[in-house]
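Just so it is clear, A, B and C label the chains in written order, and each chain counts residues from 1 on its own.
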Amino acid sequence: MNSLAHHLPALQVIVPMLSAPLVMLLKPSGLARAAATAASLLAFAIAIAMTMGVLDGSTFTYRMGSWPAPYGIELGVDRFSALLLLIVTGASSFALLAGRRSVDADIDESRQPLFYAAWLLALAGLSGIPVAADAFNVFVFMEISSLASYVIIAGGSDRRALPAVFKYLIMGTIGATFYLIGVGLIYLMTGTLNLADMELRIHEVADQKPILVAAGFITIGLALKAALFPLHVWLPNSYTYAPNAVTVFLAACSTKVSLYLLLRFDFFVFQGNLAGHDVQFTYFLMPLAVFAILIASGVALFEQNIKRLLAYSSIAQIGYILLGASFVTVAGLTASTVHLFNHALAKGALFLAVGCLATQCMGLRLSDVGGMAKRMPWTAAAFVVAGFSLIGIPGTVGFISKWYLITAALEQGSLGIALVAVLVISSLMAVVYIWRIVEAIYFAEPTSDLSSVREAPLVMLVVTWAAALANLYFGLVPEVPVTLASSAAETLLEHLP
Amino acid sequence: MSGSDLIMLALLLPLLGAVGIAAASRFGANAREATTLLTAAALAWSVWSLVPELMQGGRPSLLLAEVVPGIELAFKVEPLGMLFAALASSLWIVNSIYSIGYMRGNNESNQTRFYIFFAIALAAAIGIAFADNLFTLFLFYEILTLSTYPLVSHKGDAKTVRSARVYLGVLLTTSIGILLPAIIWTYFVAGTGTFTVGGILEGKIAGPAVGLLLGLFVFGVGKAAVMPVHRWLPAAMVAPTPVSALLHAVAVVKAGVFTITKIIIYIFGVDFLFSEPSSGWLIYVAAFTIIAASVVALRQQNLKRLLAYSTIAQLSYVVMATAILKPLAEVGAAVHIVAHAFGKITLFFAAGAIYTAAKKTELHQLRGIARRMPWTMTAFTIGALSMIGVPPTGGFVSKWYILAGAFQADNYVAIATIIASTALNAAYFLPIIFMAWFLKEDTAPAKEHGEAPFAAVLALMITAVLTLAFFFFNGPVLELEGQLVRTIL
Amino acid sequence: MELLGLVYYWVFAILLMIGFYAVIAKRNLIKKLIGLSIFQAAVFLLYITMGKVDGGTAPIFQDGVSLYSNPLPQVLILTAIVVGISTTALGLGIVVRIKEEYGSIEEDEIQERDRR
């Protein structure tokens, strides 16, 4: 068993990656789905195993082919990576378990094995990023996951997904290419791609222009992938028109991974080495984060389509994450990283509930879901619980994030008070837009005959409620995510001068 | 049973009761109602069992979890909390009896949902009463808001939903927007949020910041209905009367003023606040609320709305009394929580009885109604006299203590306000009593009616008796609150 | 002057901007993809340029040669080229599907059709 534990980082990526072609070959779609779900759950188990390992204090390092670093390719899992792996594999597993109806509705049965194969490739790519310890591998995994994501987003029956995914493809590729340029410039100056090695070598050349330019390119490239305002325009339509199961998966984790990468790269490589970088970081990110929070929440207030409303809400939440990071303090980074986890839980649960609604409603506009709560009480209640988590009602994970974020903001003195006001205003906006949906589900007049509406299938309900209850559980017993997050924050800040 | 076990029991019973109510509803309405009453009785028993330990000076406590380092889910029973918990749990029994009469008499729909959320709201009230720190209190405060929303929006029609939206909107906006920052600020400067005798802020905060923080707390606790965050209370009048009774007497507003009082005593500290001049504005704001609400009440034609504004004024009695920052006034504040509860619940029960029996809601429709509903109107009269503060009702006791405290502090603003508002109270209550008893009906009612259903009448007689009894048997309450005073001096 | 030695970097920058411009400014989806390809090709050029060592030869072991160019960027770029091809292929596939669904591959016409 000892040797198996040693291989876990590699297995985390290999399991989904090798399952993908296998799944593609399985003809009956039910078998393909079962195999994909099994692979995803196995990946989740691996992530949990590694999390337990890192909570004990150890970190995993793995050298591919036993080539020593920095010549060989290294994989590494520490607490920050473990947090992300939990999010990615968990989101995939939950979405697959609950996604049968959505996939059946949107995708031809004969094409489903291909769909699931693409899903697993996306999972492999997204799992690879937290695990990789050198910059170029990250690029490869990033593109694997992006390309596979484009496939599964566009796979559905809504034709509007196609222009949406085209825009995502263009913007995502530009982002990845910018990242590549940045990595190239760093390689030019330091001669290494291994992150740990980079950090040492960059010290000697830190005051030269290419490093600064590289920092800029990498930040912008990853910001594009992470949907940071104003580079977020690909997100709303992609999430809205993708099949519901895909939205659950991607909304919970795709931008989070890019944010993880941005933070790790920035803090590991740049912060300690570029003079005044922390100030630049703060003054660059903080206003963008504030704009993201306020503007995206504002748009969500008026949005009629539930999925798009939640997508804009996600853009605002990404703003929260970056706001915490822009403080460059332990409290701020803890808030930021714990919100990576918490938002995945909250948004995942919300989109799962939306998926349940979609099995019975004609469409997903506010006018389509009127009065559904009478016939789908469990779904509606799950939506309410997840909504509370998004708003930040105490007892939910959303509250934990908000608490940490406000505490971190208060440390900033008078600027902090203004930021607290921003956080409060956006929480109130969240109350309004969540409430609009809840009110529609519970009180609005039904626009169509409800007599044939039944509660969502049991499996979907169980998964949705598991996600909703996880919001409550980790809201009252947040030990594990908070430990991982605060370690992550400390690790990131260690690299500061 | 140890104190902490009893606390755990008190928290769990209403929640288990909610589940039980849901299950029992399968076996019919009677089974469901029986479950409610049983749960309420059990809750009252477990809460009252804590009294002996408390009278001897003990402070039972319970630590459930440490959510985040420095923030715990913890409970501790102290005199003020005991008062609130005992009040809420006891009145729940009476309110349940009344609800049975009212809901059945009006053939209300969704009764199971009603009883379930009522139970959850009570659990939240107990959580607030026994909370040992600001986080726990805030958690249960929000649960109370959320669990009472289905009760307020019970009818489900468009107007009700709109008003319920105001209810939720004001309470959530104030709690998330104002109270939460205040709580976090407190944790930030004091390092803790635990309620401590003598307060935790002395030395940590000074000058205008004190006044500001106090303001955030007072306006953040929207449930205390200090103007201008009072709008939710008239809006909530669309709820069925048992819910109004719950809101006004049993739980919601009481939670509000209880919270403010607790924060002033155990977070700021009475002496600290007294020594800080920036806190002086609170008395004036409370006084303004009292007078303004009373004036608005004068102009109301709808009985429930009149009672709503009367409550807003009465709540600010408690706030003002607390703000006087003298021991006698603090006792008066605590006692007024009880006295007002008894009186107001009687008035609401009576209003609901009138609606159930005669479908009447406006003041002018009440001419001569005492002839048909003598028991109801007797109770109403007692409740009204308690509001005005006439002996031998409970309202007199609390007014006495508040006045004594005001004299002790030489606070002429408070004294003048009390006198003026007493006059105003008389001005809007006495005409109703006069009309009901001494005038003849001018139009015959659409349908002949007598008294309201028996359960409703029984309930309102009980609360009327309690209102009177409080005048005579207030010893234990005074002794308990005396403990409070002795510890804060 | 250094400038001539840096000519490849200049080409890189110019190609980058041409590609970027095409992506942003062109309405036709295929032209956007072409722009994207040019954009990526510029980056390939950057990497290969930085791998070239003055006087070095191809990085394959040979007797009598002591100076080789850096093989690593070339390998990286092979990977990146594959990624680029996949992206272009996928993009073109999406364009075909868009043509099937919308009957046009001009961005403004597609938006027009969706608005209705």
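Here are a few things to note about the model shown:
Please note the rule applied: contacts are C-beta pairs under 8 Å (C-beta built on N, C-alpha and C of every residue); 3 or more make two chains touch, one makes a residue touch a chain.
These figures come from a predicted structure and were not determined experimentally.
Between chain A and chain C, the least number of touch steps comes to 1.
The most central chain, judged by the distance from its Cα centroid to the centroid of all protein Cα atoms shown, is A.
Between the Cα centres of chain A and chain C there is a gap of 28 Å. In terms of their C-alpha centroids, the spacing between chain B and chain C amounts to 70 Å. Each chain gets one centre point, the mean of its Cα atoms, and the points for chain A and chain B are 44 Å apart.
Those residues of chain A whose C-beta lies close enough to touch chain C in the complex are 136, 139-140, 143, 147, 150-151, 154, 159-160, 162-163, 165-166, 169-170, 173-174, 176-177, 180-181, 184, 187-188, 193. Interface residues of chain B, counted against chain A in their complex, comprise 65, 67-68, 71, 73, 135, 138-139, 142-143, 146, 153, 156, 161, 165, 168-169, 172-173, 176-177, 180-181, 184-185, 187-188. Within the complex formed with chain A, the residues of chain C that make contact are 16, 20, 23, 29, 32, 36, 39-40, 43, 46-47, 50, 72-73, 76, 79-80, 83, 86-87, 90-91, 94-95, 97-98, 101-102, 107, 110-111, 114. Chain A makes touch with chain B in their complex at residues 388, 391-395, 400, 402-404, 406-407, 410, 420, 424-425, 427-428, 431, 435, 439, 443, 476-478, 482.
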